[in-house]
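A, B, C, D, E and F are the chain letters, set down in written order, and residue numbers restart from 1 in every chain.
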Amino acid sequence: MENKGVYLNQIPGGGEITLLAAVVDKEIRPKRNGGSYLALRLADRSAELDAKVWDNPEAIAQLFSTGDVVKVRGTVEHYNDKPQLIVSRIRRCEPREYDVSDFYPASRRDPEEMFGELQAFVAMIRDDSLRQLIDEIVNDSGISDRLRTAPAALKIHHAFRSGLLEHIVSLCSLAVALTAHYQRLNLDWLIAGAVIHDLGKIEALTSTGVRFDYTTRGQLIEHVTLGLEILERHVSRLADFPLELKTVLQHLIVSHHGDLDKGALRRPMLPEAFALSILDLLDARMEQVCRTIFRRLSWLRTAPPKLSWQKRIAWHG
Amino acid sequence: MENKGVYLNQIPGGGEITLLAAVVDKEIRPKRNGGSYLALRLADRSAELDAKVWDNPEAIAQLFSTGDVVKVRGTVEHYNDKPQLIVSRIRRCEPREYDVSDFYPASRRDPEEMFGELQAFVAMIRDDSLRQLIDEIVNDSGISDRLRTAPAALKIHHAFRSGLLEHIVSLCSLAVALTAHYQRLNLDWLIAGAVIHDLGKIEALTSTGVRFDYTTRGQLIEHVTLGLEILERHVSRLADFPLELKTVLQHLIVSHHGDLDKGALRRPMLPEAFALSILDLLDARMEQVCRTIFRRLSWLRTAPPKLSWQKRIAWHG
Amino acid sequence: MENKGVYLNQIPGGGEITLLAAVVDKEIRPKRNGGSYLALRLADRSAELDAKVWDNPEAIAQLFSTGDVVKVRGTVEHYNDKPQLIVSRIRRCEPREYDVSDFYPASRRDPEEMFGELQAFVAMIRDDSLRQLIDEIVNDSGISDRLRTAPAALKIHHAFRSGLLEHIVSLCSLAVALTAHYQRLNLDWLIAGAVIHDLGKIEALTSTGVRFDYTTRGQLIEHVTLGLEILERHVSRLADFPLELKTVLQHLIVSHHGDLDKGALRRPMLPEAFALSILDLLDARMEQVCRTIFRRLSWLRTAPPKLSWQKRIAWHG
Amino acid sequence: MENKGVYLNQIPGGGEITLLAAVVDKEIRPKRNGGSYLALRLADRSAELDAKVWDNPEAIAQLFSTGDVVKVRGTVEHYNDKPQLIVSRIRRCEPREYDVSDFYPASRRDPEEMFGELQAFVAMIRDDSLRQLIDEIVNDSGISDRLRTAPAALKIHHAFRSGLLEHIVSLCSLAVALTAHYQRLNLDWLIAGAVIHDLGKIEALTSTGVRFDYTTRGQLIEHVTLGLEILERHVSRLADFPLELKTVLQHLIVSHHGDLDKGALRRPMLPEAFALSILDLLDARMEQVCRTIFRRLSWLRTAPPKLSWQKRIAWHG
Amino acid sequence: MENKGVYLNQIPGGGEITLLAAVVDKEIRPKRNGGSYLALRLADRSAELDAKVWDNPEAIAQLFSTGDVVKVRGTVEHYNDKPQLIVSRIRRCEPREYDVSDFYPASRRDPEEMFGELQAFVAMIRDDSLRQLIDEIVNDSGISDRLRTAPAALKIHHAFRSGLLEHIVSLCSLAVALTAHYQRLNLDWLIAGAVIHDLGKIEALTSTGVRFDYTTRGQLIEHVTLGLEILERHVSRLADFPLELKTVLQHLIVSHHGDLDKGALRRPMLPEAFALSILDLLDARMEQVCRTIFRRLSWLRTAPPKLSWQKRIAWHG
Amino acid sequence: MENKGVYLNQIPGGGEITLLAAVVDKEIRPKRNGGSYLALRLADRSAELDAKVWDNPEAIAQLFSTGDVVKVRGTVEHYNDKPQLIVSRIRRCEPREYDVSDFYPASRRDPEEMFGELQAFVAMIRDDSLRQLIDEIVNDSGISDRLRTAPAALKIHHAFRSGLLEHIVSLCSLAVALTAHYQRLNLDWLIAGAVIHDLGKIEALTSTGVRFDYTTRGQLIEHVTLGLEILERHVSRLADFPLELKTVLQHLIVSHHGDLDKGALRRPMLPEAFALSILDLLDARMEQVCRTIFRRLSWLRTAPPKLSWQKRIAWHG
């Protein structure tokens, strides 16, 4: 495997560098004084960068495609205050030469480990029908693979590989803590709700080359509708799944955004729906805020650093 | 069959009357100076009325239940400016003695005739898969009966027996006119959307005695979710129904309220979704406004009366 | 001590009863046919009830004042569908004859026990300056007594005696659970925020006879301003309290309502401010929802009952 | 007449071209390394394009003015990813050399044909006073010319030459269809409302060279006020025009935006005002949506193309 | 002239009284135990009161009509906690027997004195065209009488006889003070705006018997449209009134509510339009707030009373 | 002292100029074809300008720092349509060589004169406790200096040196005029409110080099909280300052933004709080609007120019 080299958010202010990067855009452009050059947009999981190939652009452009990972050598310059790379050598890499996770932003946690935790939470469901349903959903071959890799959003929160799974597992863990505090809450429903409330995102979002985007179905009917569809499909496979329980799950899905103007079809009406809606807000906001502050650090699992009070400010007003 | 007698919105200011009415509430209450009386709330499709039985209340109360239709004779009096009936004779009626439609507010149009029109509109769908799907939905035995009687809402518009069917047929007719005007619109999609956009209301609303109310499922997950469920169930019965077409139908259902804060999951994104959303608004508003102005008249099918400009005002600011 | 007798939310539909109740309103009114009667409004912690004294009203009215607790015997009747008590005997009670908590809605938990828990949470604060400040605040003689009895609101949530303390202790407990889950959060700040964010309510709300109401200061400047005032007063007594830490506490107070239109001066900008704001919403909503469903039960500390899914609905849409 | 040449939305990626275009901006600018050049912004009805004259800029700049149409030859190049024209020859055209409609975006329909349809709709008004009023308005010499050319908006919908007339005629046609469906609606009022509701736009908007813009009066008092002014002026010329009818017309003008926050002074209160307001929304939205999808095609009058479901999406969420 | 007697907001808790009042409602109603009585609603400028005539109701009812002023004697009783008058004698009064201003709430200021002040302000306008226009408007025979008596609103502010004139004169006075402070403001425009911005209210509101109500035109097109109509009519009578100046006046009318959702067609865009809009808000709010606090006192023209800080609170939160 | 030279908002389109300016940004950047240059951002109170030093950039860059004022000579050129200065000579200036007010936007009025007016207004307060408090606040050594220089905002209104003081003095003057008009208003409270309502801005905003910015405390707790803190500190130094009066002042501070969604904690509830809130809006809007129109002119103190009606438009819609 090739050495990744420096991440794009840490390139030096000048000098020559060698690194691996994914090609996001590729275009032949005319030079002002005649002739043409090859303009590239490179990316890895940390940032993006413009690059230019001045010599032999048409031939070089044949060597790789958008979406490929390339090994590139060049000199860092500044143009309009922004760094760019003047490329001297570039070649396409084989998949065995790099680690794909270097090019997607990805969860710091291991997907398999998180999937194991998820199954442990599902096993905590005491109602047999419900546990069977959720178990079959998460282990459905069309779902479990995508669940290991899907992000929870394009931009807002958990917008990285395995972000959805990280969010679900975090909600399950919060649900356990919450039912210890508010003992009348039904943990079965909270765990089931944590699993299915955003599950439609595995069909609403897709990876395009090295980035995430909406699918056409995601654009037209959103993850809520897609989640209801997944639920319907699996409920219909089980004999005698209680209609009341199905309705509760549908309510958890359609109410989890809390208010109509935020995308809910109904406001929460069950205690567990209120709890799920607020925990969802809490986990999304905590991930978003702390990522803003602690950026590339693995903030979830290490001890709190001694940050000054000013550095803890998430957004300037 | 017994004579219905005067409708409750037309009872005289005094004197003795005899009529049929449904019992909405029934309660034994103490008189101020000792003893008790039987307090009733009567209703027919036009209005409601309080009634009192002063003599022998406990025995009379045994003769009928809430939800029964009774034949009642009594004297009209006024109490706190509102009319009430002092009952002298009352007895329970058998179902063969009255026409249930006298006690529900109901569409002026014949349900069978409207259902026939609906089938003609469905037959206009040119795409075979889509026509087959919609045809099976409207002729599903669990749907077609309820579709003949369900209201379109509790209060806002078409809030009467067969109101949903009247609304659907009206939208289909408008869709035909609209595609004549905007020729690029896909009539297939508009007719299908007219049929399914509110279909979940057959499960969201129910008749309780002589009134409509939300079902528990209707409260928790709303007619949009219930409509998606009906669609999913019928699509799954057809082999190879195109996923694109299913997605379009789902989009028409989840976007027909137009804006998120009005209950849409997505804003309309297809021309037909915009058109359906605006036609839905138009038909609802026209029924609501004209009912407010023309009340008990059959406004849809007769020539316009010569109303003064002031009498055409729907709401005072 | 006298027997309280039946609570007003459980009075039978008729017959004679004897009970203790607080007098909320008292008025001599004319009878329609001449003469007068004494109209009373009685209350205990569960509900309110109208009562009438027909005989000797002027003399009876001298025997007690609004705000007194009385022992009353009478017959239950119904007027305009609402129960009322026709009083045959009534007398004023001495404070030693009743338990004041029977007349206020009150926390099910013992205030002293909760205050002990609060001090244990304060002791968990690791920063010496902050722990000293919060410790002096909660043990200030002008604060600690009122903190044991103040409600957290008039109507919305924890609107009962000791409701503020119950809310604070609940938030501290949630804060401990949350910092176990999100390890980068500063527990010191969360505990301090839990204690002071609503502390101004001890001056904003007051008990009037047997009910709570806003004070004039509460009306004009709200608990947020009053909380800032308490903080300022105690900080000024400590030499060299860090300005940064004071600013963080001020931010937690002014941002805890989350959005400007909900009463925040600033939106949360620190991770701990986001967390406090969402936990505050969660605890308020859980108390409010569960009280609506489980009413007079001690829902916080007992095992969940087997409620049907329909009975768990908090509000009908 | 000169050949227009290629439209600007279809210029090739390189090579030499000759075409007619309007001059929108014209400026002498310094070159970085000394000397100066002439920077132009060219436009036709389809798009805009930057152009540069490197040689003899001061002399060339004397040959034409902003707003003129020029015949230009040059080479297409790309600068910052956008095409620009390096001009080799340029000269001013006489009006007889070009068709002005090539430079404005314009309705695909013939204004005279549309004006004829408008007069046919006006002739359908049965009330003599109203028909006389509307007839005099549309044939007023200060109005009828501008009505043939005015756009309906700057950007939102029907934002092209004769767009207002196209919108009015479309609304009249929809009004006829609607009164066939809802027979109690007053067609006279709907046609009159279609004609006058937006008529103030002929004074609110103006053509500036080859583009539309707000007039100062349009900015300060909007088309609603200007429409009321036109109505007032023409009503005052007729003896005994009924005050009731004038008020209805004023109501149609001031309520047609539907809601106060969208620019209505009153919400609709007459059935015809509701209908006009919703038809106005429908026609605007259909033009806007279909233009977005079908762009330069004459979508209103040709058969629907077989577009894929994905291509029918108007806006991405 | 008869003695008015006590005002209705000051009637004693019992005993016999004699007073003059206007009849607002009049109805024969059945007694519960047979027979009938005459139910009246009486009013003067201070309050309203229910009254009952038990004896000879049909004959008594012939003696006067709704809208008449009557002299009435009777006994004050309480029914459902509200005072009512049991009438023993009642007769119709001739107009010469009472002062109509006792029955309308009315400005404390003399209309003629205020009209004189208005003319003095108009005379301050330096631009000849503008002064001539405003002068002709306020002295138009169809306007000046109604201007002396019209209220400025039904309920919100200056909702009393001559309230509109009081509001206009107050705004003129504030305009003079403001242009002394902000010397670049155009006083001509501010005075003209003060006069015409609400002038449409003389046609939008009407007196019905002893109360104010909306006219049908007021309901359908609001005072803004009616004010534009008045302006148009008077401008058209003047030769060569500058179009720019007319546009400024139209802008002041259509922008004076400040925001679209508060009834403005355009937001203010001229400094004078901003100033007028804010002064209008200020004067309305000051009248409303101070009336709430000082009620029946002539608060505008006397020295401030020594009210406690608590008594100065206008609204409880 | 050096000659300032031309202001940056008036630099010519070309040619050589010499002027003083503050250095806002300073950076060494690589040239495209090798080597480097020094890129500067210059500013004075009127505008900003880019400048480039092509020769000897590293050595030149040592001669001055960001925040310094420099004397610079160079040639004006245009790049991407924007002017830039190609520097031929540049040197650092000593503070005695320039007038700092040339580089900050600043009030046209003399701070000392305004401070004198402020003290005269404070002397008008009749209540001894209140006058003493406000007097001590404005003469507090930590406050009075900053009050002479602080802006009232970063961008919206009075966003210039001494803008806060100009705003306060203007409000005091308006308050005097207003209490002459509405005689029941308490002038004491209005003057005190004018002084303290925005006083927290002296700690919320700070000057950074030649620009204003938020302080960290300003970001986290806003000027409202900082104003309450200043009030609390000074009240605590006075023996027996009335709690009622303190509460009124707190109310004026927390309600002066008028509505919760604009940053108020409470809506105004006292007449003086309404008045202060509306005057604050008026003065802010007048400064903002007139500055937009009259820009660099001293609009407050000179006679109104004869501006055309079109030039008085503040914002285009």
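Everything below uses one rule, namely that contacts are C-beta pairs under 8 Å (C-beta built on N, C-alpha and C of every residue); 3 or more make two chains touch, one makes a residue touch a chain.
On a predicted model such as this, the values are computed, not experimentally measured, just so you know.
Asks: List the interface residue numbers of subunit C and of subunit F, divide the shared ones by all numbers used, and answer same when the ratio is over half, different when under half.
Replies: Comparing the two copies, subunit C and subunit F contact each other through largely the same residue numbers, since over half are shared.
Asks: Report the inter-centroid distance (CA atoms only) between subunit E and subunit F in whole Å.
Replies: 43
Asks: Cα centroid separation between subunit B and subunit F, in whole Å?
Replies: Here the centre of subunit F sits 63 Å away from the centre of subunit B.
Asks: Quick check on subunit B: which residues sit in contact with 2+ other chains?
Replies: 216, 219-220, 247-248, 266, 269-270, 309-310, 313, 316-317
Asks: Just say which it is for the chain contacts: an open line, a closed ring, a star, complete, or other.
Replies: other
Asks: For this entry, which pairs of chains touch?
Replies: A-B, A-C, A-D, A-F, B-C, B-D, B-E, C-E, C-F, D-E, D-F, E-F
Asks: Could you pull out which subunit B residues touch subunit E in their complex?
Replies: Within the complex, subunit B contacts subunit E at residues 14, 77-79, 81, 309-310, 313, 316-317.
Asks: Which stretch or stretches of subunit E touch subunit D in the complex?
Replies: 216-217, 219-222, 224-225, 228-229, 232-233, 236, 243, 247-248, 250-251, 254, 260-263, 265-266, 269-270
Asks: Can you tell me which positions in subunit F touch subunit E when the two form their complex?
Replies: 170, 173-174, 177-178, 180-186, 244-245, 247-248, 266-272, 274-275, 278-279, 281-282, 285-286, 289-290, 293-294, 299-305, 308-310, 312-317
Asks: Name, in rising order, each residue of subunit E that touches subunit B in their complex.
Replies: 27, 29-30, 32, 39, 214, 216, 219-220
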